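Both complexes shown next keep chain A, but they swap its partner, so chain B is in the first and chain C is in the second.
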Partner chain A sequence: MATAHSRIAARFMLAPAVLMLLCWMIVPLAMTIYFSFLRYNLLMPGMEQWAGFDNYSYFLTDPAFFTALKNTLLLVGGVLLITVIGGTLLALLLDQAMYGQGFVRIMVIAPFFVMPTVSALVWKNMFMNPVNGLFAYMAKAVGLQPFDFLSQAPLASIILIVAWQWLPFAALILLTAMQSLDREQMEAAEMDGAGTFSRFIYIVVPHLTRAVTVVILIQTIFLLSVFAEILVTTNGGPGNASTNITYLVYAQSLLQFDVGGGSAGGIVAVILANIVAIFLMRMIGKNLEA
Partner chain B sequence: MGQITLKQVTKSFGNTDVIRPLDLEIGEGEFVVFVGPSGCGKSTLLRLIAGLEDISSGQILIDGQDASHTPPAKRGLAMVFQSYALYPHMSVRKNIAFPLKMAGMDQAAIDAKVNGAAKVLNLTDYLDRRPGQLSGGQRQRVAIGRAIVREPKAFLFDEPLSNLDAALRVNMRLEISELHQSLKTTMIYVTHDQVEAMTMADKIVVLSAGRIEQVGSPLDLYRHPANKFVAGFIGSPKMNFVTGPEAAKHGADTIGIRPEHLKLSDSGWAGKIGVTERLGSDTFLHVHMDGMDTMTVRTEGDTALKYGAPVHLTPDPACIHRFDAQGKTLA
Partner chain C sequence: MARAVSTRHKTIVTILAWSIGFLIFFPILWTVLTSFKTEAEAVASPPSFLNFSWTLENYTEVQSRSNYARHFYNSVVISVGSTLLGLLIAIPAAWSMAFVPTRRTKDILMWMLSTKMLPPVGVLIPIYLIFRDTGLLDSVPGLVVVLTLINLPIIVWMLYTYFKEIPGEILEAARMDGATLWSEIIHVLTPMAVPGIASTLLLNIILAWNEAFWTLNLTAANAAPLTAFIASYSSPEGLFYAKLSAASTMAIAPILIMGWFSQKQLVRGLTFGAVK
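== the complex of A and B ==
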């Protein structure tokens, strides 16, 4: 099969696709790096000047940057925590034999198909709104003061919304992992005297580690760049209480018209994402090896 | 300890009766083998005894105590599964220690027991490996080790050797038999392989379609099968059956002759040699008979006969089994 001849042919045929993907990635990255070294303000077009590392030093010393960094990590960590634990419990439920199993499983994935802006708006206007929202209605029904989620606890509310979107993803991956667990192993544990809880801790949880790793890695990539949910709910506010790095880059380039500073922020975000990736691979990457 | 009694036990899944009302007595220290073709309910029966399936009706007594609805862990039985069912993320040591840990035994006692079991099973060098790093035979021994440390009233084996290659299977067969001799614990062993049943059992239970066909010692079943099914199932190569006028001569609907009880002769039933299978010690001749089904004959290793050569066969008159129209053995 794999003769030298066929390998050369394969390389030739792959080359266009590889080159195209490379350009697709390299051109925007190169342009971002280039802009990050310019003084480039959209209000003063044609006045670009070389700025050296000024953009970086402004961005990194901006107090908003540290808030945004903290918010980003809280957002990623919080959503991961909720989706992994909640997803495992949900998968346990879905794994039980019940009437209408297929239909329920399809319904569970539904939040994942709702686009982020829509689901965030639904949460904002129909659930969390302090006047018309369902939660406010429920609070009033029992005689409590409605809680204004998005201004009192903006970041926590956004974590809740994003976690709601990602919970089905985690639950489904973990459910398939759970279904691949050898039934005889569970029976052996049962005969060995392990109760339901021990079986979960000693047999199910270790079996799920690989799936959890996949969930964490994939979700981290997407959660580092959460944007739409923030834009349509809090606009990063109040103040910058719910601004993450992605939103800060947006604010810098398109609200303050500072493309140079925004590009520097973008590069910082890329570097941070890589640092997170390295840490993650160190910590849990070994789970992926067979 | 280790006496198991089944009284009128049944099991049905929906409308399908997997186990018909069934009585069975398993004595203390016995090695009992459940054997039968696939789908005869032998594994289900084992799982009923283990408690992994609920019985539909009837009673299971373990050491005289009604255990019909006792959870599996409380029955004091240990099971070795077909897939071994080792815990892949635990070392061999932790696998063997798992039931003890679940029983809440203290660490020193666990270590002593695990080391003891490892020694018996030649696993001492592998205690820190994961199951994935072991060969099939070693995994099998770990599974047995996990069963031994619990000191159960009885061991249940569910086709434990079916995933091993032929040579290893013969070895493990011996090892399990040795283990039974040294532990003297009741063992119940499920297999579809009649050779395993014959070589290992004190008592064989032949099952078919959820019913017990016959219970007895290996040689008892071989010499005095209760019916045609048992006669055909026990013994290798299979018994030859003859119907029609030849059977009628013996006053039966069907007669059966084992391959080892047929002799090549100058006169008798005529036929032509088919395929010959040479095992070295024996040769199996498949003979296409005139007016009868193909018969298998067991002869000495150096029998030299060409394909298609005409032969005559004579049965040993003392070893003819006679069956009536329902397949029952005629006395």
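== the complex of A and C ==
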């Protein structure tokens, strides 16, 4: 349908977006790769030297790297587990007939719109603080010792905070998917004598597979880069107990000024994210074609 | 046909859903309530829920202690500015892919999606150094550019899925009637595309407002938006609960209200059109 004229116009219209994204991806990434092979510290400008793979071998043999890798996986996995299961249950509940459904939806979706630094600080100070936090009051009220969440279980506490932020997202997407479920199919199954549980397993779950895949893909992208929540609550500590890869690279490059080491870490993070991305894109690709 | 639901069942579901909804919403409610307490009441034991003397002093104090209005203004400029700039670049791109698709359109879309998967730490150091050397560090225009680029794939995808729904036959009819490319865009496409553009705008302002990696790493006192300003409360001011709450309430209120209006678009935008 398109004329040659409009085809050329279309190319020109697409070009700025493509070129800008290309520059955004290629230029800094190439610089990071270059820096990762240098001995380069911001405190010693002009002393850059070729370092070969030294930065990589330091980064990859640093025990902090394995702690951070483990923490990253626990953080992503923990939040996914809570939000997918919790989100499914919430979506099932919100899909039922009730009074004031719109209002409940508004309450449930709200945490997603709270900026990460606010939600992390509110949880840290007003809920998890062992002296003045609400959880401490509740513990004391029933005669228990207040628990110092962020120093005794820092990673679990951060998982809880991040899960609270992402639960609404999972619930909303799964609810949207559930509302597109064919009601007649459900009724037919019911008439054929399928119970609530088997209707859930054989009709609802397969219908939700695609939405769950999408939830996992998108959350993983964001969760691999959790940063603000760690920065304002624990600074990665105590020790490295709540440091993820993103935070480790930040600390190495912008706190210790080790550009070379930080860049090597950044490239490792890119490779890890790509492994996840390939795996997930394939999964979602299959789902999208179906 | 809707299934008949017994009143008893409906009542139980209502009570359950309201309780869980309240529990999830509670931290936000608690923050808003605490912002109206005095510092002493904010840490009182047992905590008071509604029966305290309401005060606005925290709001005035937050502004006088640090120029809160300035950070709020930065947030507005950065989120709205990056969104408008993004739309300016993305509308032609999405238009061209939706109406003049080529063999490579799908690949370009997938590639754009993949740029979103690049972890920010992979490019943090070069961006930081480039910004430092060009004086863009801690500047509002610098952040506008970065946020435009990180959200551009989402804007393009979202617009693309909306434009795709505009029937191509209408364009052909307009062309038959002698419409030029330009008048086709102005008179035929734009009116049909406005709702899609509006929801893209809304969602993107929300995302940019809450972005907390680049805003924390590329700003200091000068260009800090609210995300970075609130982070400065992490210690020791965080122990002043009432002031933290007042600053937080003002930071989340506008976006909370916008968010509630854009629930539907949120699903579509964040799933790249995969779930509608």
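A few comments on the model shown:
The working rule: the second predicted complex is superposed on the first by the 276 of 290 C-alpha atoms of A that agree within 3 Å, B and C clash if a C-alpha of one lies under 4 Å from a C-alpha of the other, contacts with A are read in each partner's own complex, and residues count from 1 in each chain.
Everything below uses one rule, namely that a contact is a pair of C-beta atoms (placed from the backbone, for glycine too) under 8 Å apart; a residue touches a chain by one contact, two chains touch by 3 or more.
It should be emphasised that the depicted structure is a prediction, and the values quoted were computed from it without experimental measurement.
With chain A as the common reference for superposition, the partners chain B and chain C occupy compatible, non-clashing space. For the three-chain arrangement built by superposition, the Cα-centre angle with chain A at its corner and chain B and chain C at its ends equals 80°, in steps of 10. Of the two partner chains, chain C is the only one that A:N125 touches; chain B does not reach it. Between chain B and chain C, C touches the greater number of residues of chain A.
Legend: residue contacts after superposition of the two complexes on their common chain; A:P206 is shown touching chain B, with no touch to chain C. In the superposition on chain A, A:A177 makes contact with chain C only, not with chain B. With both structures placed on the common chain, the touch criterion links A:D192 to chain B but leaves chain C unconnected. Look at A:M107: by the touch rule set out above, it reaches chain C but stays clear of chain B.
In the superposition on chain A, no contact is made by A:A163 with either chain B or chain C.
Once both structures are fitted on chain A, no C-alpha atom of chain B lies closer than 6 Å to one of chain C. Comparing which residues of chain A touch chain B with which touch chain C, the overlap comprises 187.
The part of chain C that touches chain A in the complex is made up of residues 3, 5, 9-11, 13-14, 16-18, 20-22, 24-25, 27-28, 30-31, 34, 43, 45-47, 89-90, 92-93, 95-97, 99-100, 102, 108, 110, 112, 114-130, 149, 152-153, 156, 168, 171-172, 181, 206, 209-210, 212-213, 216-217, 226-228, 230-231, 233-234, 238-239, 241, 244-245, 248, 251-252, 255-256, 258-260, 263-264, 266-267, 270-271, 274-276. Interface residues of chain A, counted against chain C in their complex, comprise 1-2, 5-7, 9-14, 16-18, 20-21, 24-25, 27-29, 31-32, 35, 90, 93-94, 96-101, 103-119, 121-127, 132, 134, 137, 141, 164, 167-169, 172-173, 176-177, 180, 183, 187, 210-211, 214, 218, 221, 224-225, 227-228, 231-233, 245-246, 249-250, 253-254, 259, 262-263, 265-267, 269-270, 273-274, 277, 281, 284, 288.
Taken together, the chain B residues at the contact with chain A in this complex read 50-52, 71-73, 77-79, 81-83, 85-90, 98-99, 102-103, 146, 150. Those residues of chain A lying in contact with chain B across their complex are 182, 184-185, 187-194, 198, 202-203, 206-207, 209.
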